[in-house]
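Both complexes shown next keep subunit A, but they swap its partner, so subunit B is in the first and subunit C is in the second.
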Partner chain A sequence: MSKARRNPVNMIAAHAILITYTLIALFPVFVILINSFKNRKSIFREPLALPDADSFSLVGYQTVLKQGDFFLYFQNSMIVTVVSLFLVLLFGAMAAFALAEYRFKGNTLMGLYLALGIMIPIRIGTVAILEMMVQTGLVNTLWALILVYTAQGLPLAVFILSEFMRQVSDDLKDAGRIDGLSEYTIFFRLVLPLVRPAMATVAVFNMIPIWNDLWFPLILAPAEESKTLTLGSQVFIGQFVTDWNAVLSALSMAILPVMILYVIFSRQLIRGITSGAVK
Partner chain B sequence: MTALTLTNISKSFGQVEVLKNISLTVEPGEFVVFVGPSGCGKSTLLRLIAGLEDASSGEVQIDGNPVNNLPPAKRGIAMVFQSYALYPHLTVRGNMALGLKQAGKPKAEIDDRIAKASGMLAMQDLLDRRPAELSGGQRQRVAIGRAIVREPKLFLFDEPLSNLDAALRMATRIEIARLHRTLGASMIYVTHDQTEAMTLADKIVVLNDGLVEQVGTPMQLYNDPANKFVAGFLGAPSMNFVPGKQVGFPDVHVLGIRPEHLRITQNGRISGQVIYVENLGGDTNVMVETVDELQVIVRLFGQHDIASDTKIQLDFDDIHGFHFDADGNRIRN
Partner chain C sequence: MAKRQAIRWHIAVFLAPAVLVYTAVMIYPLFNTMRLALFAEIDHQRVYVGLRNFSTLFGQAVWSDAFWNALGNNFWFFLIHMLVQNPIGIALAAILSHKRLRFAAFYRSAIFIPAILSFVIVGFAWKLILSPIWGIAPSMLDAVGLKSLFAPWLGKEEYALTTLALISVWQFVGIPMMLIYAALLQIPEEVLEAGECDGITGMSAFWKIKLPLILPSIGIISVLTFVGNFNAFDLIYSAQGALAGPNFSTDILGTFMYRTFFGFQLQLGDPHMGSAIATAMFAIILIGVCIYLFGIQTRMRRYQF
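Take a look at the complex of A and B:
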């Protein structure tokens, strides 16, 4: 923005709104974090107070690390999320490229069919999915989750990515063809780098629902060795007693990897959301 | 052996026939310009020669060999696009080298060819920059350089100057003409700009609506157009058309007369009112609305002081009139 167009009143108002929103958004995270370092009594007595010498306690973290195989759950969540994201991005981008680039009969119809999944929640098919997984012997494996999440993420990925790929210059791809690049090289070397912001957008939108999902892990992979972090944390929430220290500590640790992935993608993400708006 | 032979080429996109039965040849070393209004199928024809589109029917031969089933990289062509189409992630050197690397040429030869091409285009200093760090004119030079290093049998240019400003366009046009002389290669150049066509071409192919209207040297087309479309398309300002019966030719549907062949007189066959005067310094274009509400343009040499709204009379010598029938075909006699 140029200096001349910058109006101090507007600037202050805009920043006030943004700061307020940031505080509201971060508040729950903040409460979880501070309380995870307090003992049980102080959590309930003064939930908003910072931990001090009296109330500080790592008992929650100790419980989490001792009880259950926390690192295994963590690893499971990580594998499921990263592999699902990878597959969503890979297959989503390839399908999007085919839809955007090649003229073939039923192109539009195929695009609509692939986009249908955006409107129909995959959970409607849970029973059928469970039956399929039982028959293929995939229950209680990470593959069950990876396959379901890949299917769940593909529609939106194809939809967003094909829109972006249509904007990649045709001349550029044709120049590649004249230089003898194969269609795969054109896809991986010319087109993918140019739609990186869109890929990051898709990755972030898919990552959080996968990481946080409780439904499918509970139904498809509840076994000890295939539990995800979210499911694993549920042991601390009982019908009668809930170990809040442990729950808060587990949640605090669960936030971390998502944060890291988010930071990796976020620079690209902002460009993805705003690209086209300003050229 | 001809550099390019097209035999009965047709191309349809779905129901729409974009190219209709086109046959033509390009001789070795010839500079051929495809010219026509936007949307007439020039790019499609060029892409078809390059192998980026398949012909619906007909045969393409390059250097005597049928290439219908060869991929673009194997056809011995190079193409320069209107939008430059440089690889954004590669340096200028990388852009020029990619095609050669892909073809498996040894590194020494690649370096050699890049040095030669960049010398020819005076862009040795740009070799390590990325496309984003270049101006429009420099990008187009790199695109031309990328074509040169391939040492193709046939160069294809698709409106390469359209994105440049006027001064740069002229400079690059001259550079392309010079390159053609130096390399002696066959070139096909697509444009909708008749000035580029007239100045660059050995041979012009005028396309309209997917059909070849006429083929010939610039002066043949200018002096002896086969039909009303070609007559009106080439020349700036373009030819004036008036109904034949108004100017004493009752058998002629439309009579065409170039702006430079009209003159202002006391008592002429066309009378009207000046609506606008363009003073270009070297010459003066006078736009006249005739009594029948037709607009004609008179091109006068030198500077003339003519006010708008003046009533004037125009006339011409009959030998300068082009006669066309109701279908727009030329009547010769």
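Take a look at the complex of A and C:
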């Protein structure tokens, strides 16, 4: 071991840089959160002070809960995210299994076709997507969003999952076939449980972009009853822009669900990225 | 053996849902958008006009000025990401990958947090912090004696785009950091030790051994940044609105397409011109991805350990 890699001065410098950057990364979130619990006067007088007995106030949250239908928005976001993830995983795993397991004409071509969407953003096709949703009557329903996010998530899901499915042992599947299991049973009973870690990685990668998307909710489902939390808070903040208490509270309420998701899934997410799932 | 010749329906069943949804909602609309770019609405009727939308887009000053403005802004936006976000991400990853560093997991998770927040939160949070009314930014600059540097950055034409690009850098620095970190962890210890035997340590080990080995990851990050930046929209829309003010100085292709296709204030939405812009964006992204795939990726050396 060399001295250079054990040098304590280097270590202190490393910590100093990382702490500084961590503060930069967290500071805005922190400022928003603490000020959402203060009354209007203290927000302006001492923006960096923690709320105390004098300045504590929930007036912003009261406005938000009275004026905005945040529970509905939250529910919409939840439905869209969960259903889209379920469909991405189910359809993606099925297609990945077909590509990884069977040799058939056009296998490579099909793989390439499905992989196209990894690099091409689905937003380019928005004009035609909107037209299609209007024609099918899906506009302003959650199904429009679910379909779009499913299509958007599939290419990467198929790509990652088929890499993992190639590693599942052939002996296991052949043993299943000798025992008379159908191809469907082999897929659902034998292969799916084995690629669960990869499925979790795909789910975590897709979850955050779907939850946070503003573009498609704005264009495909802007109606009050189909607003997602991201669009709902955007519209709310736009309307209440002078009511700082309400804006700060709305921001905090929008931060909360993703933070909870992140705390639950951050190990999975980081493991997914660092295991080289996206090479 | 006769069974082998039979059509294996299960393959079709496994493939069908994914292929159908993907084709119907992604690939077909993509081509349909390019087709719509060749039409125009005249007297409430959709009429085929060939390339006229494109000649309007590039030929009429009102349109072409807006287009080149958005494209130029988009390149500046991308350039700042490449020059600021990716080097900071690489530097942080290099520090984090240090073998004996404590709390590495904590730093990693904390620095990644902005990347999980929505653009709406990030846009408004920074708008509030940089706001001259609230005064967090000026009072913090005052504390270090730099108050004279403060300006309402988001409101000035010459600073607004750069400020927004830096906000976006702040948000997404965690992504290159994670990817590079992953690549650095895969460099085997023996390679570094062999370098040490030859007297290559510390910074020179980074420049001479690690950096060449992580070049493929840097390539992937660059192309991801490119694609992400050239269809960006949400941050600008959240912070500056669809008009991408002040005076269109923060207009990028995403906001330009949104305004054209959806309409704003006095201008009516025009799906056909919107499609023409989308087609141009598609071409730009395709060129970028092709440069990466054929120009960079194939020339890059990959090392197997």
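Definition applied: the second predicted complex is superposed on the first by the 200 of 279 C-alpha atoms of A that agree within 3 Å, B and C clash if a C-alpha of one lies under 4 Å from a C-alpha of the other, contacts with A are read in each partner's own complex, and residues count from 1 in each chain.
What we mean here is this: a residue touches a chain if its C-beta (ideal position, glycine included) is under 8 Å from a C-beta of that chain, and two chains touch if they have at least 3 such contacts.
Because the structure is a prediction, the values reported are computed rather than measured.
Colleague: Residues of subunit A touched by subunit B versus by subunit C: which partner has the larger set?
Modeller: Counting residues of subunit A touched by each partner, the higher count goes to C.
Colleague: Taking the superposition on A as described, I'd like to know which of subunit B and subunit C A:A14 touches: first, second, both or neither.
Modeller: Second partner only, subunit C.
Colleague: Figure out whether A:G117 sits in contact with subunit B (first) or subunit C (second), or with both, or with neither.
Modeller: second
Colleague: Output check: A:D171 vs subunit B and subunit C. Expected answer is one of first, second, both, neither. What do you get?
Modeller: In the superposition, A:D171 contacts subunit B only.
Colleague: Between subunit B and subunit C, whom does A:A53 touch in the aligned arrangement: first, second, both, or neither?
Modeller: neither
Colleague: So, does A:F44 touch the first partner subunit B, the second partner subunit C, both, or neither?
Modeller: A:F44: touches subunit C, not subunit B.
Colleague: Using the touch rule from the top, collect the residues of subunit B that touch subunit A in their complex.
Modeller: My answer: residues 47, 50-52, 71-74, 77-79, 81-89, 98-99, 102-103, 146.
Colleague: Tell me, which parts of subunit C touch subunit A in their complex?
Modeller: 8, 10-11, 13-15, 17-19, 21-22, 24-30, 32-33, 36, 88, 91-92, 95-96, 98-101, 103, 105, 107-122, 124-126, 128-129, 134-136, 139, 170, 173-174, 178-179, 181-182, 185-186, 196, 201-202, 220, 223, 227, 231, 233-234, 237-238, 254, 257-258, 261-262, 271, 274-275, 278, 281-282, 285-286, 289
Colleague: Okay, in this complex, where on subunit A does subunit B touch?
Modeller: Subunit A residues touching subunit B: 169, 171-172, 174-181, 189-190, 193-194.
Colleague: Looking at the complex, which residues from subunit A come into contact with subunit C?
Modeller: 2, 4-6, 10-11, 14-15, 17-19, 21-22, 24-26, 28-29, 31-32, 43-44, 47-48, 87, 90-92, 94-95, 97-99, 102, 104, 110, 114, 116-117, 119-132, 147-148, 150-152, 154-155, 158, 182-184, 187, 208, 211-215, 218-219, 230, 233-234, 237, 244, 247-248, 251, 254-255, 258-259, 261-262, 266, 269-270, 273-276, 278-279
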